[in-house]
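Read through the structures below before going on.
Presented sequentially are two complexes of chain A, the first with chain B as partner and the second with chain C.
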Partner chain A sequence: MKVVVCTKQTPSTTAAITLNNDGSVSWEDAGGKPNILNPWDEYGVETGIRLKEDGKASDVIALTTGAPDDTVGLKTALAMGCTEAIIVADEAYAGVDTLGTARIMAAAINNIGDVSLAIFGRQINGDMGHTAVQTAVKLGWTPLTQVTAINEIDDDRIVVERAVDDGRETVEAPLPVVLSVSKEIYEPRYPSFMGIRKANRVKIPVWGNDELNLDDAGGSKVDWSDIYDIPAREGTVQMIDSDDMADAAKELVDSLFEEKVI
Partner chain B sequence: MSAIWVWIENKNGEISSISKEVIGAARTIAEELGEDVVGIVLSDDVDAVAAAAFDLGVDEVMGSEDDTFAAFRVTAAGPTVAEMAKEEEPAVFLAGASVQGSEIAAWVAAECDAGLIADAIALEVDDEMVKATCLVYNGKLMATTFVTDGTQCITLRNRAFAPAESTGDDGDADLVDAVKTEDEIGAKVTGFASAGGGVSLNDANIIVSGGRGVAGAEGFAPVRELADVLGAAVGASRAAVDAGWIPYEHQVGQTGKVVAPDLYIAAGISGAIQHQAGMRGSKVIVAINKDADAPIFKIAQYGIAADLFDVLPALTEAFKERL
Partner chain C sequence: MFDFITEEHREIQQLARDFAQRSIAPIAEAHDESGDFPIDTIRQMGQMGFMGIEVPEEYGGVGMDTLAYSLALTEICKVDASHGTVMSVNNSLFSHGILKFGTEEQKHKYVTAVATGEKLGAYSLTEPMSGSDAGNMKSTAVLNEEGTHYVINGRKSWVTSAPYADIIVLFVMTDPQAKHRGVTAFIIETDQPGFERGKKEPKLGIRASATSEIMFENYLCPIENRLGKEGEGFKIAMTVLDAGRIGIASQALGIADAALEASIAYAKEREAFGQKIGQFQMIQQKLADMKTRVEASRLLIYQACLAKSASKKSGKRYSLEASMAKLYASESAMWVTTQAIQIHGGMGYSKEMPLERYFRDAKITEIYEGTSEIQRMVIARSLTGLR
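Coming up: the complex of A and B.
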C-alpha cells in the first residue's frame, strides 16, 4: 500500500515575523532555522511511518509544493522515516490559494499512482482541514478530517476515530481516502542522527507542470495583499495590589462584575 | 449572483450556537448589501430547523430532507449543497469555522471552483464587496482579505460574531432532492460518543487556564475549583500539556484551540506569543503570575503579580460570596 503524506513548510513557530514597508513579510529565527516542517504535519508523517512499521504501508512518500528549494520540511520527513520525497515546483503555480494547492496535490497523487491513503496535518492558520477536503474532492476520494486514531486498516477499507464538533465518531470507509490527522493520533518521533545524515544525501525530485499536466493549475481567487500588524489591545493592565490576598481577590471580582463578564 | 447563504448546523431539530452567530453576521452584511439571507438546512427532519432559522431572521430556507443527512457527513451533504450552489450562484457562502462548517465550505468551494477564506474574525462591506479579517503567519499578523471573483466562501470563527436574535418570523423551506443515495456514500458512521464532562473550551463564556506555574497535575486542582464556581472551562498552556499534567484537548494556543471567551483567567502562564495566538481575542484577560515582567501582563486588563496558589483559592472564595 502506498501512502502519501502531504506537507507544508512554514516559518518556525519561534520566528520573529516582520512586516516590511513594502507590505511584504519576512522572518528570521534566533535559532538559525527560519523554516520548518509545519508542526502539525509531523503527526501526518508519524502516522505514515507507523503504517509502514506495522507492515501496512510499503511506501511513505512525503509531498509538498513550493519553491524548488523549499525542502527543509521534506528533509525532516525523510529523516523521520519517509521512504521518498517529492516537491512540486513550477512558476505557473506561484501564489496559489488552498484550492490551487489541492489541485496540485491531487495531480501529484495521481501521478505517483496506486496511492491508497493521503495524509494531511492541519494547516497552521486556523484551517480545520480545507486542503485535505478539497484534495479529496479533486481526487474523487472520501475525506476524513480530524482523525484521532486509526482503529483498523487493510487493503480496501479503513476504520478511524474522529474528533467532531460535539464528540467523537467512529467512521468506516473504503480506500482510497484522504485523512487529516489531529495531534492526538501519535507522538511524532525525533529524526535520528542516521536519518538526518541519510536525508541530507537524498536528491529530492522536483516535479513541474510537465509531470502534472494541469490545465488550470494555479492562481488565487483570494486577495491576501492587505497584511498589517495586529492592533494592540486597548488600554494597559491594571495591577491589583496583592499584599492582602482576600482584598485583592475582592477587588478583582468587583471589577469583573463591573465589566459584565461574569 | 445574489443572496448570502448560511450553512446551518443542526442536530435534533436545534441550530448550533456557531450557526446562530453566522446567521447574525450574515444579517448584518445582507442589510448593507441589500441582499437576502438564505439558510441552508440539510436534515432528516427539516421543518423544526427551518422554523428556528426563520425565527433567527433568515429570509429564505433552502434545503434537502433525507435520511442520509441524519448525522452530518460531508460526503453526503457536500454534493447536494454544491449542486444547489452551482444552480443558484450565491454571492456569499458562510459557515462556522467548526469541523463541520470547515468541511462543507471546503467541499462547496472545491466543486464550484470558488475562493475560500478560513476563520474570519470580522466581516465588513466595502464597495459592495465583503471583506474578511483573518489572523495570518501563526497569528502574528492580520490581513483583510476578499474573494476576487465568483462565490465568496468564508468560514467564521467561533464566538467572534454576535448571535442572531429571535424575530418571531416564520416561513416554508424550499426543498430539493439529495444528490447521493446511501449506497453511493462511502463513509459510514458506526459509532458516536458525545463529548461529556465539563464545559467545552469552544463554547465557554469563561476559561480558567493553567500553565507551567501550576507545577504538576495536582496543581490544576485550584484551577478546576475556580472553574467550577464560575461554570468555566479549564484551559492550559502547551507547557502544561507537554509536561503531561493535563490532556491535549485543554490546550489553548497556536497548536491547540483558539478561543475567545468573555473572560480568560491565565494562572501561571507566562504568555508566549504562541499562547497569545490562541486567546488574545478574549474580551477581558486576567493575568496571575509570580513574575511581574511576564509578557501575559502586556495583553491583560487586570493583573495580580503573586503566586497562583495564593490567588486562585482567594478568588474562588470571593466569587462564592458573590454568586
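Coming up: the complex of A and C.
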C-alpha cells in the first residue's frame, strides 16, 4: 500500500518574523534553523511511518510544493522514516491559494499512482485547515478529517476515530481516502542521526508542469490585501501600598470587581 | 571559517540541540535533585543514534566522525551534563574499545546492541583504592581449568550507568605481579550470575548519571568475551581514554557555554545602581574572559577531533591534542561557571536557577577520564619524551 504524506516547509517556531515596509514578511532564527517541517505535518509523517512499521504501508512518500530548494521539511520527513520525497516546483504554480495547492497535491498523487491513502496534518496552508478536504474533492476520494486514531486498515477499507464536538465518532470508508490527523493521533518521533544521513543521500525529484500537466494551478483567489503586526498589548501595574494587610486585600478585591476580573 | 564542519555536521548538531531543549531541559532539574537515572530520555537517545555516532554503519552506528560526536555532545551538555556523561561512556569508552580491540563477533554482538539503543553500555576501570593508578587494582580474573571461562572476583567503583547497564567493558588483573601489564579487559553481560550492582554513589554533580559500585563473585566470563589479549588491558584502557577525553572536553565546553549564555542574558537585564550590570567594567571583564576561554576550548577540541580523524589514516596517537583539549576545557568550565555564579550573585547561588548545577557539574570534568594532573603529565611527557 502506498501512502503519501502532504507536507509544507514553514518558518521555524522559534524564528523572529519581521513585517517589512513593502508589506513582505521575512524571518530569521537565532538558532540557525529558519525553516522547518510544518509542526502539524509531523503528526501526518508519524502516522505514515507507523503504518509502514505495522506492515500496512509499503511506501511512505513525503510530498510538498514550493521553490525547488524548499526541501528542509522533506528532509526531516525522510530522516524521520519516510521512504521517498517529492517536491513540486514550477513557476506556473507560484502564489497559489489552498485550492491551488490542492490541485497540485491531487495531480502529484495521481502522478505517483496507486496511492491508497493521503495524509495531512490538521492544517497546512495559511492556518485555514481545508487543503486536505479540497485535495480529496480534486481526487474524488473520501475526506476524513480530525482523525484521532486509525482503528483498522486493510487493502480496501479504513476505520478511523474522529474528533467531533463533545466526543468521538468511529467511521469506516473504502480506500482510497484523504486523512487529516489531529495531534492526538501519535506523538511524532524525532528524526534519527542515521535518518539524517540517509536523507542526505536521497536525491529528491523536482516535478513541474511536465509531470503534472496542470496548465496552471489556478493562482490565488484569496487576496492578502493587508498584513499588519498585532498591536502590542498595553498593560499597567497598580501597586497597592498599605501597612494594613486587611485594607490592602479589600482594596485588591474592590479593584478586581471594578475591572470585572471576578 | 571552519570548512571542516559540513552541512551534515550542522544537521547533527541541530537535532541534538532540538532534542536537548525539547526533551531534556524540562526534566534536567528534577533528575539532578532526585539523582534518578533518566532512563526514558537515555533510551530515546539510543534510538536516535546518540550512543553510536562514530560507530560504523555496519555495526548499527551513525558512521560519522569525532567532530560530529563532539558537536552533538556539547549540545546535550549545554542543557544537562548528566545525559552527556552517559552518552560519552557509550560512545567512546564502551564502543571505541570494542571496535578497536574486539573480534568481529564481539563488535557485531555488543557494539551493535548499544549503538542502536537496544542496550546500555558501561565501562569499569576504577576501584575503591585505584583510579588513575590502574596497575594497582585488586579485582582478578583467573582462567578455569577447562580453559573455557575466566572466574572474576572483586569490586569496582564509580561505574557510570551501572544501575541500568546491560553490558560492561571491565578491566581486572589476570597477573597481579605484573602490575599494569597484568591488566586484562573483558566484556561482561550483567544478567549473568555472580554480578551484582552496589550502592549508588551520592555525588556533587552529574547527579542524574547514576554511578554505582559493581561486585563480582565467581562470575564466569566466557573466554570469547576477553577483549584483546591477556595483559593488554592497560593499553586498551589508555587508548580508549584518549578518545574519551575529547568527549569530556566537549562536555565541559557545553557546560561553560550554557553558563556564559545565561550570564550574558543576565548582564543585559539585571540593573544595579541605576544601570545594567553589563555596563560595569568588572562584569565586562568577566564576560570577556569567559567568552575567550570558551572559544579557546572549542578550538582545542576541534584540533583534537581533527587529530583523531587524521590518526585513523596515520596511526599516530593524538594523546597530546586530546589531553590539552580536556585540560583546558575542563578548567575553563570550572572557572566560567564560578564567574557565572558571581555575576548572578544570590540568584546564581539559588537552586531556582541552573547556574549552581552547571558549577557542580563542571567539577567532575577536571577529575574523570584522567585528572587535570594526569593531563599535564601526559602533555609534558609528550613534549619532552621523558618519563
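Heads up, the rule we're going with is that the second predicted complex is superposed on the first by the 223 of 262 C-alpha atoms of A that agree within 3 Å, B and C clash if a C-alpha of one lies under 4 Å from a C-alpha of the other, contacts with A are read in each partner's own complex, and residues count from 1 in each chain.
Operating definition for what follows: contacts are C-beta pairs under 8 Å (C-beta built on N, C-alpha and C of every residue); 3 or more make two chains touch, one makes a residue touch a chain.
Since the structure is predicted, the reported quantities are computational estimates derived from the model, not experimental observations.
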Chain B versus chain C as contact partner of A:172, first or second or both or neither: first
Touching partner for A:261 - first (chain B), second (chain C), both, neither: first
Touched partner set for A:242, first chain B, second chain C, both or neither: first
Contacts of A:59 with chain B and chain C, given as first, second, both or neither: neither
First (chain B), second (chain C), both or neither touched by A:211: neither
Greater residue coverage of chain A in the superposed arrangement, chain B or chain C: B
Partner chain(s) touched by A:194 [first = chain B, second = chain C, both, neither]: second
Chain B and chain C contact sites that coincide on chain A, given as residue numbers: none
Sites on chain C touched by chain A in the complex: 7-8, 10-12, 14-15, 17-19, 23, 44, 47-50, 53, 57, 62-64, 72
Of all residues in chain A, those that touch chain B in their complex: 10-11, 13, 17, 19, 25, 27, 39-40, 97-99, 102, 124-131, 133-134, 137-138, 142-146, 159, 163-174, 177, 183-184, 220-224, 226-231, 233, 235, 237-240, 242, 245-246, 248-250, 252-253, 255-257, 259, 261-262
Of chain B, residues touching chain A in the complex: 9, 11, 16, 71-72, 74-75, 78, 97-100, 102-103, 105-107, 109-111, 113-119, 134-150, 155, 157, 186-195, 202, 205-206, 230, 248-249, 254-255, 258, 262-263, 274, 280, 283-287, 292, 297-306, 310-311, 314-315, 317-319, 322-323
Contact footprint of chain C on chain A as seen in their complex: 31-33, 79, 190-194, 196-197, 200
